[in-house]
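What follows is a single structure, written as structure tokens, with notes after it.
Think of it as A, B, C, D and E in the order they're written, each chain with its own count starting at 1.
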Amino acid sequence: MKIVHLIAPALLALALWQAAVVVLDMPSFILPAPAAVAARLWLSRALIAEHAWVTLVEVLAGLALGAGLGWVSAVALAFSAGARRLVQPLLVFSQAVPVFALAPILTLWFGYGLLSKIAMALLIIYFPVTSAFLDALLRTPPDWLAQARVMGATRWRLMWRVRIPAALPGFLTGLKLAVVYAPIGAVIGEWVGASRGLGYLMLLANGRARIDLMFAALLTLAVMTMLLHALANLAIARILARREA
Amino acid sequence: MKIVHLIAPALLALALWQAAVVVLDMPSFILPAPAAVAARLWLSRALIAEHAWVTLVEVLAGLALGAGLGWVSAVALAFSAGARRLVQPLLVFSQAVPVFALAPILTLWFGYGLLSKIAMALLIIYFPVTSAFLDALLRTPPDWLAQARVMGATRWRLMWRVRIPAALPGFLTGLKLAVVYAPIGAVIGEWVGASRGLGYLMLLANGRARIDLMFAALLTLAVMTMLLHALANLAIARILARREA
Amino acid sequence: QDRMTVILDWFVNPDHGPIIVAQELGYFDEAGLEVEVIAPADPADPPKMAAAGRADLAISYQPQLHLQVAEGLPLKAVGTLVATPLNCLLVEADGPIKSLADLKGGKIGFSIAGVEEALLTAMLQQGDVALDDVELVNVNWSLSPSLMSGQVDAVIGAFRNFELNQMEIEGVAGKCFYPEEHGVPSYDELIYVANPETMDADKIDRFLTATARGVQYIVNHPQESWELFAGTSAELKDELNAKAWEDTLPRFALRPAAIDTARYEAFEAFLLEAGLIETARPVSDLIAGIEAGTSDAADAGQ
Amino acid sequence: MSAPALRFSGALRVAGRVLFDRIELTAPAGHWTCLLGPSGIGKSTVLHGFAGLAETDGAAMAADGHPLPGRVALMAQSDMLLPWLSIGANVTLGDRLRGTRTDADRAAQVLRDVGLADLAQRKPRALSGGQRQRAALARVLYEDRPVVLLDEPFSALDVATRTAMQALAARELAGRTVLHVTHDPAEAARLGQQILIMTRAGITPAPPAAAPIPRAPIPRAPDAADTLTVTGALTRALLETVP
Amino acid sequence: MSAPALRFSGALRVAGRVLFDRIELTAPAGHWTCLLGPSGIGKSTVLHGFAGLAETDGAAMAADGHPLPGRVALMAQSDMLLPWLSIGANVTLGDRLRGTRTDADRAAQVLRDVGLADLAQRKPRALSGGQRQRAALARVLYEDRPVVLLDEPFSALDVATRTAMQALAARELAGRTVLHVTHDPAEAARLGQQILIMTRAGITPAPPAAAPIPRAPIPRAPDAADTLTVTGALTRALLETVP
């Protein structure tokens, strides 16, 4: 990955943004110009860095937990069609519940600390990983399954040695989605009740119409997301390239 | 799909819900008991149906547009590594933008009508479809590509006849995710500015402290999501079963 | 030291001045309280948390309390934080809306709180406009932007101590139509609520007394108190909060423990007439420490 | 663990289609049986029946009455190597699927036997077609089962390698019940202790009495006179089967 | 569209590894060349070179100087059928990848020729190994190119079918430049107008002068005396190549 691959899209984004502001005559209280946001970013760098750090911790925790739990659930569900029929609708259900209905329940259980935020982030990250991985686990080429059956594979070893490795690309597809959703998941988690983090800062800035600050925080979040995604992409490409060669 | 496959998870969900209420001693203003919500659902059936209809239209429109656009984008991006490097970060960026930052921009462009809601739903649906499909498109077995090359395939026909069909399972994985995200996407779209729809109804009920109504609307949304998902799953299973047999 | 949890209505802002100042100046310590202040993102949550016993005290809005009690939440008012309405119907000062009558056929944005239809019906009546004559749009997160960008003609739910200043900072002059001047009975915007069954009246008492000292300090030392407040957190120190501080200062309840029962009675009647509640409850159901049938008590919190 | 005879007796079906209403086959215990026949007649399906992969309704069984699963090794018509495992790991896959101990020495030995010792670390994609087939052969030898089903195991090998691999298989699988599908009459003449031809009419022993299967132990010399005679007789018999 | 001679001259590489520093091969225009050699020596890699699939740095070319792409049909060692297309659709895939008109009659004809007329609607998964190989053969015949590369095209077929398919291929590909990799000496003796053996030492013509390639047009009778002589000579030569 060359540095130009990072800079070119950034320039494109800036150009689009500036064009939106100029051509569409966006009022600054709706979409401030890049320069204004950059200035705010610089002026409030200490503030933003402090909150970004909090969010980053939540993101990484949510990602580790969400991907881990997603992995485990997908494998567990792949074992049993019965469990799948019973549990999958509930997973789907969980994705249909809006934050504001969930927030009071989560805080009642987990309080206002880090836990309820991570729970929220997890709920968002968990689903795409489980869903994409499970999909792939259920698509193991039947010939391999047959060969393994003849060899007397136990259910668990068949899963571990054949179905999981065969489904690796599917898991990685889910993981890539999760990496993208993790930061917004953490931010939404912060709406559950927080006094720190980029989500808090954005909501505060928005509520108090400090749009430049909000966009500065948003930009930080977006850059965090893109870096995470670029990193994950790179790592995943390496893994897949080495896999069959 | 037998009817028991619909009823069993519903019963499980009800049991979990009732257990949460009873065992955890959930106050009814945070999580009302199933019976209370069912009663409200029945009493307010006309109201809820009216708003559900609005949301359903948004969901289907968002789904059609999101899946369609996702399909087109993934194919376009699969053609060119350059475009991918340039555009993919922007797509990732788009997923990092929270609603409240986007809401004023969307409504400024699209007004308070159906359009801004569909735009929001689309933004949410679009990404998993594009991402999962693109992933699969970039994983066409190299042997098939080689064979097609020898046959003198044009780039576009290679895409259409080989890469797209080979990536079909990946597209369907994305589509399944999209189906789950579509209803919440529409609901979030309604928060951007609306006077109708389940999202609006939920906000209103929440504002008026009518928690039973909020959960009745939420239940309607969840059932809508689960039915969509079950339908999509069934259709997708049919497609895949017929594909190679 | 008794531990105590207080949930604000939203993130910390100048509306919470007395609590923050009391905390900073150690008034809570002196009252034998160790107060944990929690700032939620959604104003609908705090009353639920208080009702559920997750918090000793929550800050809410008087209109909400009426609705919540009507829906059976175990909540009562125990004190007052801001003793006037803050809500207002906001229009552009230089815009076409000069009087409420001009709103006929216009668009009004709102951010759902539950009572805006009632407020609007009463206010529009004064301009001889029916609710059906205007189009209501829930603009949720973009009250003032939707107004400033001309997408709506007015917004209800704007706070006079914030949105007005905010528009000024953006260079657009705003104008408020005050509900209490246009047919809506006056009410207390921010109040303290607690679960009457589980609350510890003594702790609450000490808490309110300490915040009363906070208000006192603010009124006596507006500048120092602002600096004290702004010094608690980097994100609070800005022009808007400074202006809002000034505008909020005269609106703090000087006697937080005092509750004007007449206001509750009148507002309950107002909501009943608007059809938002089905029966009018006695104030003893709304305010703690009032015996049933003694609706003429003036101060409940002594 | 003595090798049982195999018996197929009943309908032959694949994916819901009936190939034969009734078919009979016996592979004597501890002997090498070759099965030849036109393309698409159902040879692989018979093997799959014994491997437990086809819906046989009990038509395929071991003559000793004990269940077959666990006693069978199958080398399928396509190599079935897992692309993410090295050749070495593919060879010992069975042990790791069952949770039994892998025997690294034996694995190295069979890989040496099939001539892939240097390629043990490679992934299947980096092998030639014949190398992949030998890897699959190494795996089935490593499996060390009393019943061995081979589906055209040497079809992608050159003459020299094929001859060597036939000898290797005959040596390694001696005393086991082997059912070996092949299209090569010379191979059948060299390895078969029983040779069967499958046609639309069913499964019949071959070659005819005029060219009986030699008594010589397997692997027989490819250029021995009786091997060549049997090859010729088989070829003639096969040319008569209208595909 | 006359068939060009093929010439390979240079290094033979695969996936970055050098198999031969320099290798030379000529396949005369309009003739059938058979290439034999031990497993893993690089035969498929040579074919891939002519098909434009290997990094050959221009080592593989047409003798007439025109570029090869567009004039070549390849039947790879594995069938390369697309599993979601019916056999019929797989046969005409080339046309649909190029956007040229498909010729339904010709497709039906080649499918009839390879004996799969009844299976045109089936998907590849529902075929036997030999049926899939014939479908791939049908496809390469349908492609109708002046240069045809065949990588063990008949290896999964029984004797009768194989003989028929060899005859079919010889008839259909007459006048084209064919490079045919095979492990079957009899097949080479029957079809080869030039026969080459690839060993570690390079590519050399075979068989030796003692058993020259018969003059008879291809396909030659499999049991003709000179065919059998060449088969024997080739077999001996191949047995001498240490794999």
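Methods note: a residue touches a chain if its C-beta (ideal position, glycine included) is under 8 Å from a C-beta of that chain, and two chains touch if they have at least 3 such contacts.
Computed from a prediction, not measured in an experiment: that's the story for all the values here.
Asks: Most remote chain relative to chain D, going by C-alpha centroids?
Replies: C
Asks: Report back the single chain whose CA centre is most distant from the CA centre of chain E.
Replies: Chain C.
Asks: Just list the two chains that share the greatest number of C-beta contact pairs.
Replies: A-B
Asks: When the C-alpha atoms of chain A and chain B are each averaged to a single point, how far apart are the two points in Å?
Replies: 16
Asks: Using Cα averages as centroids, what's the distance between chain B and chain C in whole Å?
Replies: Result: the chain centres lie 37 Å from each other.
Asks: Can you give the whole-Å distance between the Cα centres of chain D and chain E?
Replies: Chain centres of chain D and chain E, defined by C-alpha means, are spaced 27 Å apart.
Asks: If you average the CA atoms of chain A and of chain D, how far apart do the two points sit, in angstrom?
Replies: Roughly 51 Å separates the two chain centres.
Asks: Note the residues in chain B that touch 2 or more other chains, in rising order.
Replies: Within chain B, the residues that touch at least two other chains are 30, 100, 104, 108, 203, 206, 245.
Asks: List, in ascending order, every residue of chain E touching at least 2 other chains.
Replies: 15, 78, 126
Asks: Could you pull out the residues of chain C that touch at least 2 other chains?
Replies: 44, 48, 52, 141-142, 145, 149
Asks: What are all the touching pairs of chains?
Replies: Every pair of chains in contact is listed here: A-B, A-C, A-D, B-C, B-E, D-E.
Asks: For chain B, which residues count as touching chain E in their complex?
Replies: These residues of chain B touch chain E: 143-144, 146-154, 157-158, 161-162, 165-166, 168, 243-245.
Asks: Would you pull the chain A residues touching chain B in the complex into a rising list?
Replies: 5, 8-10, 12-13, 16, 24, 26, 30-31, 85-90, 92-93, 95-98, 100-101, 104-105, 108-109, 127-128, 131-132, 135-136, 139, 169-170, 172-173, 176-177, 180-181, 183-184, 187-188, 199, 202-203, 206, 214-215, 218, 221-222, 224-226, 229-230, 240
Asks: Mind listing the chain B positions that touch chain C in their complex?
Replies: Contacts found on chain B: 27-30, 99-100, 103-104, 107-108, 111-112, 191-195, 200, 203-204, 206-211.
Asks: Could you please specify the touching residues of chain D with respect to chain A in the complex?
Replies: Touching chain A: residues 48, 51-53, 69-70, 72-74, 76, 78, 80, 82-85, 93-94, 96-99, 123-126, 143 of chain D.
Asks: Under the definition above, what is the set of chain C residues touching chain A in their complex?
Replies: Interface residues on chain C, with respect to chain A: 10-13, 38-42, 44-45, 48-49, 52, 54, 141-142, 144-145, 148-149, 162-163, 166, 169-170, 234-235, 238, 240-241.
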